[in-house]
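Quick heads-up: structures coming right below.
You will see two complexes here that share chain A, one where it goes with chain B and one where it goes with chain C.
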Partner chain A sequence: MYGRKGFKLISELDLYSDILPFNEALIKEVLQEMQSLYDANVANSNAIRNDNNMALLPSVQLRHIALKRNKRCILAYIYNRMRKLKELRWELGSILPPEINTNLINAEVQWFQSYNKSLAKYMRSLGEDHGFNLTTNMVPPKTLYVEVKCVEDFGKLELDDGQVILLKKNTYHLLPRSVCEPLIRQGILEHKST
Partner chain B sequence: MENNGDVQMTAENDDQEEEEVTAQSVLLAIEEAWLNEKFAPEILPHRSDLVDCMLQQIMHMEENMKRLDKEDLRLMIHRMELDRIKYVITNYLRARLEKIEKYTIHILSQEATRSSEECYLTVAELQFAKEFLTNIEMLFKTIALQHMPGNFQTFEVDTLTVKPNLQTYVFLRANDRINGIIVPGSMDEEIDLEPGSQHIIQYSAVADLVKSGAVKLI
Partner chain C sequence: MACCQSYIPDYFAITDILSTEERISCKIEVELPGLGFLDSSCQSENLKVGTKVEFPLWLAEPLKNLQNSVVSVDIPKIYKEGYREILEADAEVIVLSKWNPFYYELGMHVRKFSDRDYEIITESLLQTFKSRFQLVMDWSQNAMSDPTLSIQLPRLERDLFLIGQQAKIRLVEWLKMGTNELVVSEITTNLKKRKREQYEFD
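After this line comes the complex of A and B, so read on.
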């Protein structure tokens, strides 16, 4: 049945919230289906024009709708992967973890880099000279300091006031929230709610 | 709002009281702009004047705080206050970026009909929007569109446009007295808003009032 493969692409998006390996094989199959539908339509519409064979018209229309649907499915697949990728940029920063990078195809990596560039350019334009980082202060501030547990060896961390602390695995710290926020999102620190 | 109390405290603590009073009015204005942007379905005219002013103020305050003793209790309060202001500004700008990314084509086509004085986007935002659209088009083309047959290769701007839902309902409080708002969906039912009164109404009926500042969304 037409459009079933395109639907498979969409349900893949729906079933998994992570970014899966780009399903190139399935995309190719959908594109092939489109090509054969298109060829059939070209042949039929020629027949309609030359022999005035109106009986073919409904099947041409049906194939046309199937073509449009397939296109929509493919673009939705790409667009929603891009959206997830965009969320990651805000969560993890400009460098993607390798387990995600391997699931992307070239064009997506390129898109990510362009997005990074645009966003960085925009953030630099804010304020007077050094720009303004929009990826911090993601949640409303409640307290200045938060209690955190270090879950990974990180090494030295310099605070805003010049103090240097050592982040070792399984140690507890009371740190300024603004410093912790990115580290918590990267999974190096864990927020201990009190 | 919690913030207001803190600002007044600064006004008392600081020598340059005159400047601080205006800083407070800017903060109030930016809070209103932030809430409007947060609750309005469409993108609103930018308020980069407020953002720039506030960012400058933040820099100023950070300088002042360096002079304070580390053990000083006021330092903690100032820091907390700064964090809150920064949150408001980042959240405001992020909300705008999110709308730009979601409604890119719609916003760009609307923006093209406006003159440079009545632009809704700042120069930087406009550039971001244009680049965002180019990047998506590039992504679609390289992966899929160029492999599609014949006239299906086109990047169909019309079908890919996402428009904000202006029929959504919003909560608002009137700043001024407003007469004769026609309730959408009714034949000719009109309502008047008293200053300070609160209402729930379809956004499309009050869009212009939000932009002019006659009402604020809550």
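After this line comes the complex of A and C, so read on.
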């Protein structure tokens, strides 16, 4: 039956919530199926035009529906991956962890970069000539500084005032909230609430 | 941050694509040349008039809606009178996901097949949802509820159940005045879990 492979693509999206390696092999198979559907339709529609053989018409229509279905599956696959990438930008910031990066194809990496650019450009245009970072303070802040525990060796971190601190595993710090927030979301620091 | 879809079901909606894969039994009304292989029991090259086939919904619906219908369709039995009566009697005790994991979504498509039953199926879907909604709501508000529960629910109810559960947890947190804590992104946690699994595997 037509459309089985396209369906497989979509059920893969449905089964796993995170971004899997781009399933190029399956996409190729779907495209092959579409190509053969198209070829058969071209042959049949030529026959209809030349011999006025209208009996072929229903088959052409059936294949056309199958073509549209396959197109929908592929577009939905690409679109939904893109949506997940967009969510990642807001969760993890402009640099993706290598585990996710390796699962992307070139076009997706390029898209992510241009999304980054657009977002950065927009955020720069906000506020009085300083720009405004929309990804900070996802929950209303109550204090300017927060106490954090470092759970991973991170290395040197330069604060806004030029001070450099060393983030080593199992050390405690009192740091400006805006600096910590992305690091906490990436799992490098841990918020110690009192 | 969740990036919402504009309207449901849209062209890219995963659930809509999944639910329209459901098989519908059709009868061929016009001969289809060269497509005999679509029916596995068929030996000839063409699909003959009167052959019974199982077409997925995405194929059956547009074929029926063509100017001269190529197929005539039969409504799946779970939307027919007998099953509607079961739901009318007591919708809460039925494991609806066993009937079909996309019971409501599929129903919204299937009802268009029959002019006669259009209103009745719509009404039946609405009543079923109404009477089960209370149950779903109850389950989601009880933190102790059985984790296997969500498997018993069809997709629409399952999503509501999970959303309800999350809302409950967030409410409890908020009541404890603990909303100010910064937390690790869910994605990072998942990545770490996978790394650990790999490590143990090696």
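Quick notes on this structure:
Following the convention adopted for this analysis, the second predicted complex is superposed on the first by the 156 of 194 C-alpha atoms of A that agree within 3 Å, B and C clash if a C-alpha of one lies under 4 Å from a C-alpha of the other, contacts with A are read in each partner's own complex, and residues count from 1 in each chain.
The working rule: a residue touches a chain if its C-beta (ideal position, glycine included) is under 8 Å from a C-beta of that chain, and two chains touch if they have at least 3 such contacts.
What you see is a predicted model, and the numbers here were worked out from it, not measured in a lab.
Superposition note: with chain A as the common reference, chain B and chain C can be accommodated side by side. By the touch criterion stated above, A:S45 is placed in contact with neither chain B nor chain C. In the overlay built on the shared chain, the residue A:I10 is in contact with chain C alone; chain B does not reach it. Legend: residue contacts after superposition of the two complexes on their common chain; A:K86 is shown touching both chain B and chain C. When the two complexes are overlaid on their common chain A, residue A:N23 makes contact with neither chain B nor chain C. In the superposition on chain A, A:N116 contacts neither chain B nor chain C. In the superposition on chain A, no contact is made by A:N103 with either chain B or chain C. After overlaying the two complexes on the shared chain, residue contacts for A:L75 are found with chain B and with chain C alike.
Once the two complexes are laid over each other on the shared chain, residue contacts for A:S178 go to chain B alone; chain C is not touched.
Aligning both complexes on chain A leaves chain B and chain C separated at their closest CA atoms by 5 Å.
When the two complexes are laid over each other on chain A, chain A has residues 72, 75, 79, 86, 138-141, 177 in contact with both chain B and chain C.
Contact residues on chain A toward chain B in their complex (touch as defined above): 27, 31, 34-35, 38-39, 42, 67-68, 71-72, 74-75, 78-79, 82, 86, 105, 107-108, 110-111, 114-115, 117-119, 121-122, 125-128, 132-134, 136-141, 144, 161, 177-178. Per the touch definition, chain C reaches chain A in the complex via residues 1-3, 11-15, 17-18, 21, 30-35, 38, 55-56, 58-59, 62-63, 66, 70, 178-192, 194-195.
Across the complex, chain A meets chain C through its residues 1-3, 7, 10-11, 13-14, 17-18, 40, 44, 55-56, 58-59, 61-62, 65-66, 69, 72-73, 75-76, 79-80, 83, 86-88, 90-92, 97, 99-100, 138-142, 146, 177, 180-181, 184-187, 190-191, 193. On the chain B side of its complex with chain A, the touching residues are 51-52, 55-56, 59, 70, 76, 79-80, 83-84, 86-87, 89-91, 93-94, 97, 101, 123-125, 127-128, 131-132, 135-136, 138-140, 142-144, 147-150, 152, 159-160.
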